[in-house]
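Right, one structure below, let's go through it.
For clarity, chains are labelled A, B, C and D in written order, and residue numbers in each chain start from 1.
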Amino acid sequence: MSTIQETVAPAAAARVTIRRSVSTIAQIVVLLLLLATPLFVKNFVIFQLTMWLVYAIAIMALNLLTGGSGQFSLGQSAFYALGAYTSAILMEHADVNYVLTLPASALVCFVAGVLFGLPALRLSGVYLALATFALATAMPQLLKLGVFESWTGGVQGLVVTKPDAPFHLPISQDMWLYYFTLLVTLLIYAASVNLLNSRTGRAMMAIRDNEIAASALGVNLPLYKTLAFGISAAFTGIAGALGAIVVQFVAPDGYTIQLAIAIFLGMVVGGVGWLPGSLAGSAFIVFVPNVAENISKGLSGAVFGALLIVVIFVVPHGARQVALYGEALAKKFLKNN
Amino acid sequence: MNFRSTVSGLSAALAAVVIASGSAQAQKQYDTGATDTGIKIGNIMPYSGPASAYGVIGKIEAAYFAMINEQGGINGRKIEFISYDDGYSPPKAVEQARKLVESDEVLLVFSPLGTPSNSAIQKYMNAKKVPQLFVATGATKFGEAKTFPWTMGWQPPYQSEGKIYAKYLLANKPDAKVAIMYQNDDFGKDLLKGFHDGLGEKGSIIVAEDSYEVAEPSIDSHIVKLKASGADTFVSITTPKFAAQAIKKVAELGWKPTYFQSNVGASVGSVMKPAGFENGQDVMSASYAKDGADPQWDNDEGMKKFYAFLAKYAPDANRTDASVVYGYGEAQTVAQVLKQAGDTLTRENIMKQAANLKDFVPDTLLPGVKINTSPTDFYPIEQLQMIRFKGEKWEPFGPIISGEVRD
Amino acid sequence: MELFVNQVLAGIATGAIYACMALAVVMIYQAIDHLNFAQGEMAMFSTFIAWQLIQWGVPYWIAFVLTLAISFAGGIIIERLLFKPLAHAPILTHVAGFIALFAIINSVAGLTWDFTIKQFPSPFGSRPFLGSQLISTHQAGMIGVTLVLLLMLYGFFRFTRIGLAMRAAASLPESARLVGINVGWMIALGWGMASAIGAIAGMLIAPVVFLEPNMMGGILLYGFASAVLGGLSSPFGAVIGGFLVGIFENLVGTYIPGVGNELKLPIALALIVTVLVVKPNGLFGRTVVQRV
Amino acid sequence: MSSLLEIEDLRAYYGQVQALHGLQFSLEDGSVTTLLGANGAGKTTTLRAICNMIRSTGNIRFDGKPLAGRSTEDIVKLGIAHVPQGRGTFTRMTVEENLQLGAMTRRDSRGIADDVERMYDHFPKLRERSDQQAGTLSGGEQQMLAVARALMLRPRLMLLDEPSFGLAPLVVRDLFAILARINRDDKVTILVVEQNAQLALAIAGQAYVIETGRIVMAGEASAVADNEDIRKSYLGY
């Protein structure tokens, strides 16, 4: 399960400009939509959209790990939980401002990610899958642990106070949190893109494509693989922290293996290794369950499974495949005009 | 399966009556979600995910409202029951609660299930001043009338149950050596706390405590360990599957303790029968409701109504499933609240009426158990009766005990 | 000391559950070279089929055999319908397919048979075994069946041509094709066999943990862990792995003071990961020596 | 002599990229033929197209039967053994098991057992290591094993893809001697793709030279070997 190779037809030099312009236009459209939508919808839809962005960050983080370095994780819920609890505990027990809890969560999760990444160095494929799966299973039990109960609230969890918009801005809490989350999402997206284009990113991708060759080229495998885990965990932690602030509640039951699976599915549906796909993947895991239960309450799980199968049959490479078709269409259209 | 029962149009006859009675019209008061013709009730259930076993509660409630509607509704208003799936995930519960309140604009949210989900939405519901009525969990924290005036429980709080076992033990076997096995979640810890509180300074009679996780396939090793503690009394704070495993394992080990089984795991059909009737003899529990699988209620008036309801509106439902009985009782209680509210269908009045239930007896409660609430008492059912397993059924014994959380 | 012995015996009894499931896990791994996350649900569904047959009055052993046949066919059908079309999709897409299958089977079982626990009969009874109350005749029978199954699998893979062909198809599909093996059918056959073994596991496990749609949730993780600990390439290792996990988990829960009981699963898993770090192919897995 | 394999207008594709542009050639029954060409010329692709392991168009007839529409495993069953690049050894299995796998399409257990013995006679090293994991063999031994495995099929045609790759010169010489003997004694037709043109031409009767997916020269191996251009490009003198 470690090698993920998605073949994208190499674009000829001449096509690159068209391609760039198409993707730039697409990016601008998406950004405008993201900025404008909240102005026209109900508060609860804004809340849904905020959760959508939060999960998109978590999926992006997994993409960075899997698409960027070829490692695989079914345990992202653990880092998400860690981030959520760090933020919640800081806010409720230490009165730390919610904005400041984000870097704190990132830091805690980075350290946890690196610590987990070290033993994971020796594992790959199904073994890594099992190790991360184990991590996801263990996390809720750790959170319940009696020793930490005075901090974590044990099985009962912790209620988090929802922040108001700053500077007396005349917007609702929901809308403020949406734009705040959007800002964080964009920052993390930009950071991820830059990371993949940097020396570090290239080293990681070299590892993904061929470990032996990469190490022959002088890439420090342990360093970069551990780093990939750390960064991915840090971003996931930020997503968790934002999730806690938006939902106003953390409890062990919110961070079970189900969440890890959802994040994983989001990545597959969005397209492994394709960062913008995270938004599509996140939409799938946030909205498709609602569609499924509308079709049938008793069989909502089955309907969800069936929809998932339809998606992977039609586009086994996820939303990225759709984007490539779309791009091809757009190019044709531009050429003909 | 569509759970949104459609709001049927106002019948001409009814319209005539309403127009004719001018004085009644003057008193009508509505909040969002209520009209002359209908009342919207929201609900959140784990239809999917790890707790999907409880999803049947939502189905039974929907069936109950279908029956009410067919019988003409409540005070002439049809119930529109909108039930959403949260997959037992707190963030999803928040999303669904907000959808119900802000998009579907329900009058109240009724019977949302599970401690984590209810904890997650409690603050929101109270801030929005929307009733979070008869939550489907026995966590003690959902009856704090002062702090959360918009949240009310229904079933006896787990802590009360724990206290009742403790008191029974102190009265009947004060020198017991107690071993406890509990589920490591809010339910298990709450009931355990009640038990500890009930023992008070006699806490030293507990010789061993062991928790288990729901993910564990088998709890054999816990039982082996607890037996080794030399205890002569066993308190099993467990849900059905583990309750059955424990009863069976204790019998297999040849251990014969005085046995207390928590109420959620005391169903005849889904616990005692699979565990083997011969293994469950003399196990004790405390109960407030009749058991759908127990033949002793076959001629009971209330249960006859219940069975008739099942036959007509939920023919697929498994009557031995305690959740089926539960959903019926809850739905009947909320129907009573709406009846009492009359034409003043404001959220405030809903809470007022919910806190004004006097000796109300749903069909499915044990004889003698009554629902009573007051503005300071947000625990509708607080009475339990000790029961003992004999042959193939539970036999109530002793008085109806009140297990108020605060005494 | 008595507690220690008791916990070890109880661990062996529980370990038999894991060993059974681990065997099914190894089987599918041999066939498709990765893990099937829906395997537990498939086993659960098979067990429900057996239960339904028994409810209809079919005698146990006939129901048993029928269930095996249905499960075998079901495994092949699932492969043909669901995974053959995905043959060229990335591996992570397959994992998503397993998850979808998981959701579908669980949900359909829940709707068909509801979530109340069901009693599943044991052909071995549940009396004390050789006078020990810690291991019942059923659990002893389960260990026996597991060992017999293990021998049969060993013989199948080692001494039959079709077993050899299956191993070849799983390890190097392209080369297998070049010696004339129909790889597609080998994979389908592997699914069928894994599904049938899963059915046996389910029918042996259900009398202990009771039958309900979520019965396999925890067990599958233990099955994976056992198989990985023992070595995914070794059915023998997987069975030993199952018993080791069962015993170890009990000892952690009993003897590590404080958090031992609450954290016995995480601690057991941490130990397995440690073993893997030291021995990446598991305790009994064949080390792959490769010269470049 | 009749043609065992006839190829007409063979075109093959990797995704959008066309790798073969209408190849045409035939192999006589009992011959040894070599396909020469630089890296990326399309030699491996040609072999893979014969076994239908990539998408291709055109006519391929084996013993008069068209191969189009047959799966790889069916083509193998007709008697075409393909020793792929990198040898395709089942490294996790024993040497003996590898040989057994070679005979997967056969039903005569008696004959298979005899053939295993015969292979051990051909390649005594393999007998010594019959119970070892094939992955533990040296490169030369693995190549021997690959050839032996192919012969277990009792093929009429053997396709060899760069058998000399990565082997020491002495080992290569042994290998080619064995190939010549197999061709002579067992009447196996051989098509060998090689970078090491000198050796290949030495045992081959016919030779084809292929460049960017097209055949640019064909003829008797000796004639090709004498050609000035070929000498310069492939033989280096």
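The rule is simple: a residue touches a chain if its C-beta (ideal position, glycine included) is under 8 Å from a C-beta of that chain, and two chains touch if they have at least 3 such contacts.
Everything numeric in this text was worked out from a predicted model, so none of it was measured.
J.: Give me the chains shared as neighbours by subunit A and subunit D.
T.: C
J.: If each hop has to land on a touching chain, what is the smallest number of hops from subunit B to subunit D?
T.: Graph distance in the chain contact network comes out at 2.
J.: Count the touching C-beta pairs: is A-B or A-C ahead?
T.: Of the two interfaces, A-B and A-C, more C-beta pairs touch across A-C.
J.: So the centre of each chain is just the mean of its C-alpha atoms; given that, what is the distance between subunit B and subunit C in Å?
T.: Once rounded, the distance between the two centres reads 37 Å.
J.: Where the CA atoms of subunit A average out and where those of subunit C average out, how many Å apart are those spots?
T.: Using C-alpha averages as centres, the distance is 32 Å.
J.: When the C-alpha atoms of subunit C and subunit D are each averaged to a single point, how far apart are the two points in Å?
T.: The answer is 42 Å.
J.: Where in subunit C do residues touch two or more of the other chains?
T.: 103, 106-107, 110, 221, 262, 265
J.: What parts of subunit D, by residue number, touch at least two of the other chains?
T.: none
J.: Among the residues of subunit A, which are close enough to touch at least two other chains?
T.: 137, 141, 144, 298, 300-301, 304
J.: Taking the touch rule as given, give the residues of subunit C at its contact with subunit A in the complex, in rising order.
T.: Contact set of subunit C toward subunit A: 29, 34-35, 82, 85-86, 88-93, 95-97, 99-104, 106-108, 110-111, 221, 224-225, 228, 232, 258-259, 262-263, 265-266, 269-270, 272-274, 276-277, 280.
J.: Can you tell me which positions in subunit A touch subunit B when the two form their complex?
T.: 42-45, 47-48, 51, 137, 141, 144, 154-157, 159, 243, 247-249, 251-254, 256, 258-259, 289, 292-293, 296-298, 300-301, 304
J.: Once bound in the complex, which stretches of subunit C touch subunit D?
T.: Against subunit D, subunit C makes touches at 161, 164-165, 167-168, 171-172, 174-183, 233, 286, 288-291.
J.: Inside the complex, what are the residues of subunit A that reach subunit C?
T.: Interface residues on subunit A, with respect to subunit C: 1, 4-6, 66, 72, 119, 122-123, 125-127, 129-131, 133-134, 137-138, 141-142, 144-147, 261, 264-265, 267-269, 272, 298-306, 308-309, 312-313, 316-318.
J.: Under the stated contact criterion, what part of subunit B meets subunit A in this complex?
T.: 1, 3, 47-50, 52, 55, 58-59, 83-85, 87-92, 94-95, 98-99, 101-103, 114-116, 119-120, 122-124, 139, 141, 184-186, 189, 213, 215
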